[in-house]
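Each of the next two complexes has subunit A plus one more chain, namely subunit B in the first and subunit C in the second.
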Partner chain A sequence: MQTKAPSSWQQAIQWGLIGGGVAVLLALIGMVDAFSKRFIVANAFTMGQVLFLAPLLILSYSAIGRIAAKSPIISVLAGMLSGLMGGAVLGVLVIIGNTLNIRPMFRNASPDLFKELAFNQGATGGVLSLLLVGLVIGAIAAGVFLLPKRLRSAVIQAAIWVLLVGLIRDLIITIVAQWVEKANAFPAWAQWAKAIILLLSGLFNKTIFAASGIKPVSAIILFIFLGALQFWRSGIPRQAPPRLALNKPEQQRRRLLTLAGAAILFILLPPILGIFFAEILDNVGLYILMGLGLNIVVGFAGLLDLGYVAFYAIGAYTMAVLTSPELGFFNLTYWQALPFALIASVMAGVILGLPVLKMRGDYLAIVTLGFGEIVRLLALSDWLRPWLGGTQGIQQIAQPHIGAKVLASQQDLYYLFLVGIAIVAFFAWRLKDSRIGRAWMALREDEDVATAMGINNVATKLLAFASGALFSGLAGTIFAAKLTSVYPHSMNFLVSINVLSLIIIGGMGSIPGVFVGALVLIGAPDLLREFAEYRYLAYGALLVVMMLTRPEGLWPEERRRLELHEAEPEAIEPVPETEAVPARQ
Partner chain B sequence: MLRTWRQRVTFTDIVVWAIGLAIGLVVIIGTIATLRSGKYAPSVWVDLTVRGLALGGVYALIAMGYTLVYGILRMINFAHSEVFMSGPFTAVFLAIALAHSGFLDEHPLISMTLILLLSVAVSMTIAILLERIAYRPLRTAPRLVPLITAIGASFFLQYTFRGLYGSGIQAYPIPKVLQGSIHIGNIEIFSTQIVAILGALAMMLVLYGIVQWTKVGKAMRAVSEDKEVAALMGIDVDRIISLTFALGGASAGVAGVLYALLFPVVNFFMGFIPGIKAFTAAVLGGIGNVLGAFLGAIILGLLESVGPNLFLDGLGIPTPGQLKDAIAFTILVFILIFRPSGILGERLAQAKA
Partner chain C sequence: MTLLVSKNVTKRFGGLEALKDINLEVKEQAIHSVIGPNGAGKTTFFNCVTGFYNPEVGEILLDGRNITGLSPDRVTKLGIARTYQNIRLFKNMTVVENILVGMHSLLKSGIIGSALRDPRTRKEEGEALEEARRLLRFLGLGGKGDLMAKNLPYGDQRRLELARALASKPKLLLLDEPTAGMNPSETQSMMNLIHRLRDELGTTILLIEHQMRVVMGISELITVLDYGAKIAEGTPKEIQNNPKVIEAYLGRGSAQQQVSASSSFDTASPTPSAT
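Right, the complex of A and B next:
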């Protein structure tokens, strides 16, 4: 609707200002300061600097892409202008920070922050360096843009990998240190293993990493090496994967091998990673379990459920009421109480499912949200305190046992989660291609047509709610057993959002997507302690960005990916029309 | 006749009606028991009613944001609760500064206007940015996509403001003039409540006037009727949608300051519960319907304020006030089940979004 298209220079300035704005926002919400102690490349630049310079780089790059100038000189100039603008915005922030005290309003506008932004110089020097750095960054963006396509993607990927390696430096060092300790106790015949571990330890501790971040020389070598690797890999011609070709024997074999490999990896993870990671692994396991359940409701059947925590709470609370001697109603063991807890969750799923059958997507979301909140408020209320413990929750919940062994440690519980996940994933996987699964997907795509095709709308939707509730209830019981206590405060809306985010980011309807999503959203923030505070901020941003750019998720379900991109020009691969529905009985 | 009736009613309907009937019975029995016990004096009920009206007024202003956007885009702007939060949470710093310098008590009218303007400006900016960045590119996407975006945006905004202003609770200074109360007979009414009711009424009138009687309002109604035809008639649809968001944002900004008068603390999470309640109100009145939102909000405010004492106290439930949010959510669930088109009705109630 615009009457006049903005000129290239206006665009460059506009994008540069946006980049500067994003950088200022990141600085003021405290992310820059929080990461200012974490070096990516030792003594060269920190994660904090990456955070406020990356927006300038990315937006200069987009500006150059938008302008799409014929001449490279104009591209470079536009990039520099854009970078300069971004630097100027940051410079203004530095000047404001050095003259006014904005701390009472902006909590994170500390003197440290402004020092970090000004590269540890005074106001004038800082602003000048910011402008200079902006120019350089704009030029770099233009340089990257002007590279041939293959080389460009190699450079970008290598840079991201170096960044990630720098970020997880502490983790690698921790794991290696644990193994060095273990290696000292190795028997004589395993001396070779000890030697390897010591060698690795030396490599990581002395050569690659400094006390914080990667050593500069190693970083350059790593960058070149990874870039070359990417460049070489992108040169291999890849054949297009066949569309929805299911159940070819060799594919099946390959899938089995992948599964077996993944299973062995998951079983060996706790001993490899050590105690430090057990808690994180348990959390990831918990969320995978819940994600698999919600994936059925949201991913398969397309019913957006924002109150998923309710079933989790009902599972956990039923377990608590039945086993805790504190309340003294039943004193069952974990295994005795488990069926009751699961039945209670399923019943809750059906009770919620019945009234909402006729509702459409957005209303359903709000009603389920309300349902989740009602459950939490009831658990919290004084009214039900004699039965549910009120604000204090319920303690002394029984832990599961096998024979005489009580599964109490985090590593034991990890295996419990693993077994649960294996069972649930198997069910979800088998359900997906079954008659019910296809009925769910038909409902998701078009309810009216599905009903006209003879799908029993009521039973199918209820089954989705019930199975989702069952898996969530199972997760709730293990959670209750893990903490041996439940509190209404741990049953809040954020749990539902966590689960929803992870299946959306993993890829709605995709079972491997749940694993990927849980690892990225639940595992990764736990690994970076500075990040914990910005977790939901990042979730929110990720959800928005994901929906805008890649709505099918990181590991999409094939059918959904095709649906979401069917409107796009099919330049990538010619699509045969006949294969749209797999003909399999 | 009987047979067709029996064929029409399914098992689901019976279950739903049974649940509805049970809740209705609980309400009636609770009310009778409470009234017979005579535990509360009439002045208490008047007090609760006035409080309910004030709350309802605030909800009505927030509900306007949901209803206007829904009317035009047929989507629930889940992040509207954060639009509501952003205004007062920013303006609190101005209010604190004014209170420190003593200006707030000396010139309460000017100060309150300044605070209100800042709050409105911030909420409006956030609403416009939200539409521009998150919703506009997704106008033709499948129905779940914008909804998920809205949830994401809601969290992003919540935690952005948490990062900016801290996670603590800020106390809202209230000018001395408004701290007292007015006596009518033996009934005492807080000044803040009166201001909230009057403010909400005035803002509602302004909004209603804009939608019904101005050219922009006409364009908004045209766009809500049919975007393509409106565009053919020479209406800039993008601009009208932006304006709708701005109007909803402004209304939320006013609501935020009034809410802060009633509950004088703000934090980054303050939008969540009022947001859901305002949404409930919008649905109760018939989403997409301006007058319906107002009516629904007043009813919801009254039920929430009077309800716990009236319905639950008589049943012997301790501290019924704890369950006031549960009442609001239950109302929401039941309207959506029994009359999803709301009291005053909504077009396209059963159609797919």
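Right, the complex of A and C next:
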């Protein structure tokens, strides 16, 4: 064995084999087959094919990047070698699949799968095609790699966008169909709007999309258009703020405008997207609400809480007990019961907080995990059955009302979530840049020093737990009102994990990150029904990839970004006082 | 006037007596040093004063008020601030934010005020920011307020730690090896700074120091600890000629040798900043 670094060829082969391995994994767990009927580009390629070819492409690309050859020819050859290796691994799978029955071991290794992998050809033709496709993919990866940087990122982004548009074809068609339905009822003076909608509908139904996927010509046009757009956009010089500048007036103005735009968009979402999406939006809203609360505990104060679902459960159950006529204790209305539910959640937050004050990191995580389970098991227990309903849960929970109108439909509840989110986000945002927020941050950084600075760690930590619990409890009450029933099994550990994951994916401590995280983790799987089965697989893979490539999250807080990526050299340069300190009175 | 009194303070860790019956008085507006070989109990004494350790025996009085056993944040509120031997800044917060955290006990806004940002809170925050900038200029860190603390050069980090401690407007400032790891010119400017703190702000200073040049140069009174016990106390001159002190530092037999005032028998090695 030589101890020197592996040669370029060895690396190319190695990465190609890994790519093939990933593709085989995706095929054998059934993802390729599940997506084999979903065309991205009509009659050209399916999502299934994307799933087993993308790993080859991505890993060939990384191999070329690793090798960083001086000569473009070597890059192309290395890419092709890598792609060939990946194709070969898939070819081996096809041969095995065609000669042996491996179904007892791999449930998803069906003849359909092997047909899909072999591009609907026999074993020999399939293997040859796979090898050839591997070569082509490797060459494409090298081609993309050799493009100038700006063009390269435009090409990659355009390709991803075309893929996404192809994936959500059904959704776009559904939305447009709803618009057409509504447009038919437009009064005479709004005929022009109807005409636009009909035009759009025609454009989407006839020109862009086929019965499944995008039409090939449209796909190419879309790719070129998006690529050009991206290329043009990346040409606009952007001034990246290298330093943390808090509370600059011009920054605040821009932020206000963004906020106003976002608010209008969120208010208009249900009518634009239609009923089909209301359920998904409600789900996303629920998780955003919980995410904002947990973000205070984990993101701001650095207290890893794995039992966050407990407060959600306590909010929901308090609401249920106080309002359900089935139990007949109080029969309050939603609004009457709300303060009690919130107080109960906050008290639970303090009760959990007190014993764990001295704990840090992993110890805290384990204790909070236990707390979450205790709450769920209490709700499930026979002992508390007369009050909490045991496994049967509690039904007939009151729904909130405004005047005589009961907020029962999913669209109504969406607005309830929206109001809740607006209040909570406002609080979180204001707290972050305050004396309390700084105290949380200081505790997260160094608890001993923080207390030596006069920060009362007991009160400050309890405040974080209590605020987190309050917001989670609020989410719980709306959840209870939405379903009009609560069950112990909807309070399981996975809820806590989902909320934590969405914070990590979005960016710890970042408020917009919570929204992004919830959309990606909660919204996206609901939109692509085929994904439902692979949801947690995708979560896990996404978390691993994120931690390796972008640990600060999708929409990071500026501070975290600087923390995880060593500061740019400009940041060390001090600036004259006059520039750094805007005049203040 | 005496600011800090330590009466018979004893601190044990299991069987080990880290501090034995320490009696010490710090005069108001004094510069008072605590010296001693490694492991003598200097930092343990600081931890007892600041409330991190609770001594088994004895009491500590600040301005005549018993502060023994109070939590560190209460002690800080009563007017004691400290710096650390190995710099412990909030690395991922900006320089100004570090100072603002130091002011925590002087600010009053609570959770409701913070969220609603009422006029009183706004005024308080504005004034705090102003004060922070002023403090930074005083310590020669003007214009660096928006940098991340970890991006400051070493000497500036020491200054920032000092600024953060000063932000709580302490009566008594405890400095744990303020010149550790500094070159001679940085050391000199730190000594000047310590003098200015006392002369211009009227802060009483108690410091632990290893560099004898610094100790002899700025202290008005020196207390020497060895194996947790106080072995000597006096002016720099008295300490230099005290045979017990020389023995503690250089071992028995060296006591007869003359020790010059400018020699440093124990220069602290530069402490790498903790990660």
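To be clear about the criterion, the second predicted complex is superposed on the first by the 563 of 585 C-alpha atoms of A that agree within 3 Å, B and C clash if a C-alpha of one lies under 4 Å from a C-alpha of the other, contacts with A are read in each partner's own complex, and residues count from 1 in each chain.
By our rule, contacts are C-beta pairs under 8 Å (C-beta built on N, C-alpha and C of every residue); 3 or more make two chains touch, one makes a residue touch a chain.
No experiment lies behind these values; they were computed from the predicted model shown.
By the document's definition of touching, of the two partners only subunit C reaches A:Met453; subunit B does not.
Judged by the touch definition given at the top, the superposed model places A:Phe106 against subunit B, while subunit C stays out of reach.
In the superposition on chain A, contact is made by A:Gly302 with subunit B only, not with subunit C. Judged by the touch definition given at the top, the superposed model places A:Gln252 against neither subunit B nor subunit C.
Considering which of subunit B and subunit C touches more of subunit A, the answer is B.
When the two structures are aligned on the shared chain, A:Met359 is found in touch with subunit B, with no touch to subunit C. Touch criterion not met for A:Ser409: it reaches neither subunit B nor subunit C.
After overlaying the two complexes on the shared chain, residue contacts for A:Thr333 are found with neither subunit B nor subunit C. Once chain A of one complex is fitted onto chain A of the other, the partner contacts of A:Ile436 are limited to subunit C, with no touch recorded for subunit B.
Note for the complex: subunit B touches subunit A at residues 10, 12, 15-16, 19, 75-76, 78, 93, 96, 133-134, 137-138, 141-149, 151-160, 162-166, 236-239, 272, 276, 279-280, 283, 317-320, 322-323, 325-326, 329-330, 332-333, 336-337, 340, 350, 352-353. Interface residues of subunit C facing subunit A in the complex, by the touch rule stated above, are 50, 52, 71-73, 76-77, 81-82, 84, 88, 90-94, 97, 100-102, 104-105, 107, 109-111, 114-117, 121, 125-126, 129-130, 133, 137, 142-148, 151, 164, 168.
Only residues 243-246, 426-427, 430-431, 434-439, 441-442, 445-446, 448-457, 463, 467, 559, 562-563, 567, 571-572, 574-577, 579-581, 584 of subunit A touch subunit C when the two sit together in their complex. Within the complex formed with subunit B, the residues of subunit A that make contact are 1, 25, 28-31, 104-108, 302, 304, 306, 354-363, 365-367, 369-371, 373-374, 377-378, 380-383, 447, 458, 493, 497, 500-501, 504, 533-534, 536-537, 539-544, 546-548, 551, 564.
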